[in-house]
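Two complexes are shown next, each including chain A; its partner changes from chain B in the first to chain C in the second.
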Partner chain A sequence: MTTALFLAFAGLALLFGLLVAALKHPLYAALSLVGVIGCLSVLFYLLGATFLAMVQLIVYAGATLVLFLFVIMLLDLRGEARQAEAHPVQKGMALVLFAAFLCAGVGTVLVQKLPLATKLVKPGVADLGRLLFTRYLLPFEAVTLLLLAAAVGAFLLARKEWK
Partner chain B sequence: MILTAALLLGMALFALGLVTVMLRRSAILIFLGIELMLNAANLTFVAFSNATGSLDGQIAVIFTIAIAAAEAGVGLAIFIVLFRRFKTQSVDDLRILRW
Partner chain C sequence: MSPLLLTLAITVAKIAVVLGGVLGMVALMSWVERRGAGLIQDRPGPNRVGPFGLLQPVADGLKFLFKEEVIPAKADKWIYLLAPLLTFVPAVATFAVLPMGTPFTVLGTVVEPLIGPSSIGVLYVLALSGLSVYGIVLAGFASGSKYPLIGGLRSTAQLVAYEIPMTLALFSVVYASQSLDFTVIVDHQAGAWFGFIPRWYVFPQIVGFFVFWVTALAECNRVPFDLPEAEAELVAGFHTEYSAMKFALFFLGEYAHMIAASSLITLLYFGGWHLPFAVPAGNLGALVAFAAFAAKTGFFLWLFVWVRWTLPRYRYDQLMRLGWTVLLPLAFLNLVITVLVCRPGVN
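Showing the complex of A and B:
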C-alpha cells in the first residue's frame, strides 16, 4: 500500500519535473514546481519525515514559491518567453550533458546493493528539535543570521529609489 | 525498493533541474531549475535518513530549505532591480559584467 502510494506520487513528481524543464512560460513552470513540491511533501511523509512534509508545504510551496509567483506576475514578461532562446549549439551540448548525467546517476544507483526494505522510523518533532538545538546549534544560529541578512539585503536591493 | 525509487527520482529531478539551467536563457527559469535541483537533493537526504534510521539527513533538509528561502528572497530582489533598469530578464542581454 505504502509502496504503491510512494510510486504513484514519485511518478507524479517526475511528470511535474518534466513540465518544469519543458515549459517556457515562467508562470507555468513555477506552477509545475509547486506540483513537484506537493508530491515531494507526500513522499517525505511516506518516508517518515512528517515535520519536513509540513515544512515543505508551508514554507517551500506556501512562501518561497508564492514569492516567485508574485515576482513573475509583477514583472511584465510578455514577449520575454519567446526571445529567451538558447543557441542551438548550447541546446545540443545541454542535452548531451543531461543524458550523460542521467545515465551516470541511474547507473550508480542501480549497481549499488541497496537494502530492499526500509525501516519505517517514526521519529517525532521532539527528536528533531532536540538535535537541532544541541548538536546543530551553531549552524542553526548561523542560518538565522543568514536569513536576517537576506531579508535586509532584499529590502535594500528592491527599494524604489535605488541608485 | 523504496530507497532505490527515491534515489532514482532524486537523480531524475536533479538532471531535469540541470537541463533547465542549461537550456533556458530567462533568469527566472534558471532560478526555477536551481530550486528543482535543491528539491532533488532534499529528497535524497530524506531517503537516506529513512534508510539509516538517523535524523541527520532531515536536519540537513531543514537547513537547505532555510537557505533556499534566503536565496530566493535576494535573487528575486536582484531580478526586480535588473528588470527595472534594463527592461529585460534574459541572461544573454544582461552582460555588462562580461564584456
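Showing the complex of A and C:
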C-alpha cells in the first residue's frame, strides 16, 4: 500500500517537475511547481515526517508560490511567454547541470549505502523544536538573520522603484 | 473481514457521512442566510418553495444544474475550470482532521468521530487554509476580465495579511494546551473553574478568540471583509465570469469554509463537545457530545449571518490597516503573554 502510494506520488512529482521546465507560460509553470510541492509533501508524510509534510505545504504552497502567482499576475507576462526561447548555451548548460546533479544524487545513494529514510527515527514536533533550540541554535539564528536581511533588502529595492 | 478492509470501510463510511453532512449544512445555511436576512431587515425572505421556503436550496441546486455552462472567450480555459475545484476541495478537506465528538460503539467496534490522523490537526488546517487562496487568485486571473482580476489581487493580499494573526492566535491555544491535536486541545477544556465557569479557552484567551474570529470572517471572505467580491465596485469580484455549477462550487466552498471556521472556533475556544456538567457514558454520551458540538458550531454559523446583515463593508485601506496594525500586534502580544503566564502542560 505504502509502496504503491510512494511510486504513484514520486512519479507525479517527476512529471510535474518536467512540466515546470517544459511549459512556456509562467503561470502554468508556477502551478506545476505547486504540484511538485504537493507530491513532495505526500512523500514526506509517507516517510513519517508529518511535521515536515505540513510545513512544506504551509511555507511553499501556501506562502511562497502565492507570491510567485501575485508577481506573475501583476507583471502580465503573456508577451514574455511567446518570445521565451532559450539560448543554445543555456540549454547545454542546463543539460550538463542536470546530468551532474543526477549523478551526484544517484552516486551518493549507491556509494554511501545510506539507510532508508523509513528506518530513521520519526521526528516529532517536540523533538524537532528541542533540537532547533539546543544543538542547532546557532545555525537557526543565523538563518533568521539572513531572512531579516533579505526582507529589509527587498523593502529597500521596492522603495527605490516608487521614487 | 480483515482489519485493513474494516478500517478502510469505516473510513469510507465516515467520509461519506461527513461530506453528506457538510453539503447538507451548506444547503441549510443558504436558506438560513436568506431567511436571516429577511428577519433582520424586516421582510419575508424566500418562503414560496416548500414549508417556510425550506426547499429553496433544492430549487437553486436544480437551477445551477440546468443552466448553460459558459466559458468566456478571453478566459484561460484550463485554469478557469480548475479554479472552482481549488476553492471547493481545500474547504471540504479541512473536515478530515476536525473531531466532532467522543468515540462511540457500532456493532462492537469503537469508532472515532474523526477521519484522518489527529496528531497534526492544527498544522493540517493551517496548510489547507493557505491553499484556499489559489482558487480565488486563479479564478480572478483566468477569467480574462478586469473586475475578477482586481478581486483576485485584493483577495491574495487580504488572505495573506489575515493568515498571520490567525496563525498566531492559534499558536497561543497550541501553547496553552501543548498540543497540535484537536482532541487533546478540547480535552484540556473539560471541567469547570469554581464549579460553574467552564474551563473553555475563550476566558483566558479572550484576545486570541477575538483575533481568531475576526480573521476567520476575513478568511471566509465574509462581510465586513468581503472585498474580493465587493459588488458596488467589482460587480461580483473574482467570480463575476462564472455561472451555473462552476459558480455553485465557489458558493459551496465559501459555505463549507464558514462551517469549518465555526467548528474550529468551537474546538479551540468553546470546549468542543464538553459541557460544564457531567454527561452519561457510552453511546448516549457520544450523542450528547455531538449535539453540544453541533449546537455551538450552529451558534457561530448564525453569528456569521448576523454580522453579514448588520455591518457595512470595510474600505480596502481600512482592511489592510486593521490587519497589520491592530490584529497582528494584538495576536503577538497575546502569544507573548500566554507564553509568560502558562506553565507548559498546565491549563
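Methods note: the second predicted complex is superposed on the first by the 125 of 163 C-alpha atoms of A that agree within 3 Å, B and C clash if a C-alpha of one lies under 4 Å from a C-alpha of the other, contacts with A are read in each partner's own complex, and residues count from 1 in each chain.
The definition used in the following text is that a contact is a pair of C-beta atoms (placed from the backbone, for glycine too) under 8 Å apart; a residue touches a chain by one contact, two chains touch by 3 or more.
Since we're looking at a predicted model, the values are computed, not measured.
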Which superposed partner A:A94 touches (first chain B, second chain C, both, neither): first
Touched partner set for A:V125, first chain B, second chain C, both or neither: second
Broader residue contact with chain A after superposition on the shared chain, chain B or chain C: B
Partner chain in contact with A:L12 - chain B first, chain C second, else both or neither: neither
Contacts of A:L74 with chain B and chain C, given as first, second, both or neither: both
First, second, both or neither for A:L43, with chain B first and chain C second: first
First, second, both or neither for A:A61, with chain B first and chain C second: second
First, second, both or neither for A:L31, with chain B first and chain C second: second
Overlap of the chain B and chain C footprints on chain A, listed as residue numbers: 51, 55, 63, 67, 74
Partner chain C, residues of chain A touching it in the complex: 1, 27-28, 31, 34, 50-51, 54-55, 57-58, 61-63, 66-67, 69-70, 73-74, 125
Touch list for chain B against partner chain A, complex: 1-9, 11-20, 22-26, 28-29, 31-33, 35-36, 39, 42-43, 46-47, 49-51, 53, 55-56, 58-59, 61-63, 65-74, 76-81, 83-84, 88-90, 92
Interfacial residue positions of chain A with respect to chain B in the complex: 2-3, 6-7, 10, 13-14, 17-18, 20-21, 24, 26, 29-30, 33, 36-37, 40, 43-44, 46-49, 51-52, 55-56, 59-60, 63-65, 67-68, 71-72, 74-75, 77, 80-81, 83-86, 90-91, 93-95, 97-98, 101-102, 105-106, 109-110, 114-121, 123, 127-128, 131-132, 136, 139-140, 143, 146-147, 149-151, 153-155, 157-158, 162
Chain A partner contacts - residues on chain C that touch it in the complex: 4, 76, 79, 117, 119-120, 123-124, 126-131, 133-134, 137-138, 140-141, 149, 152-153, 156, 160, 163, 180
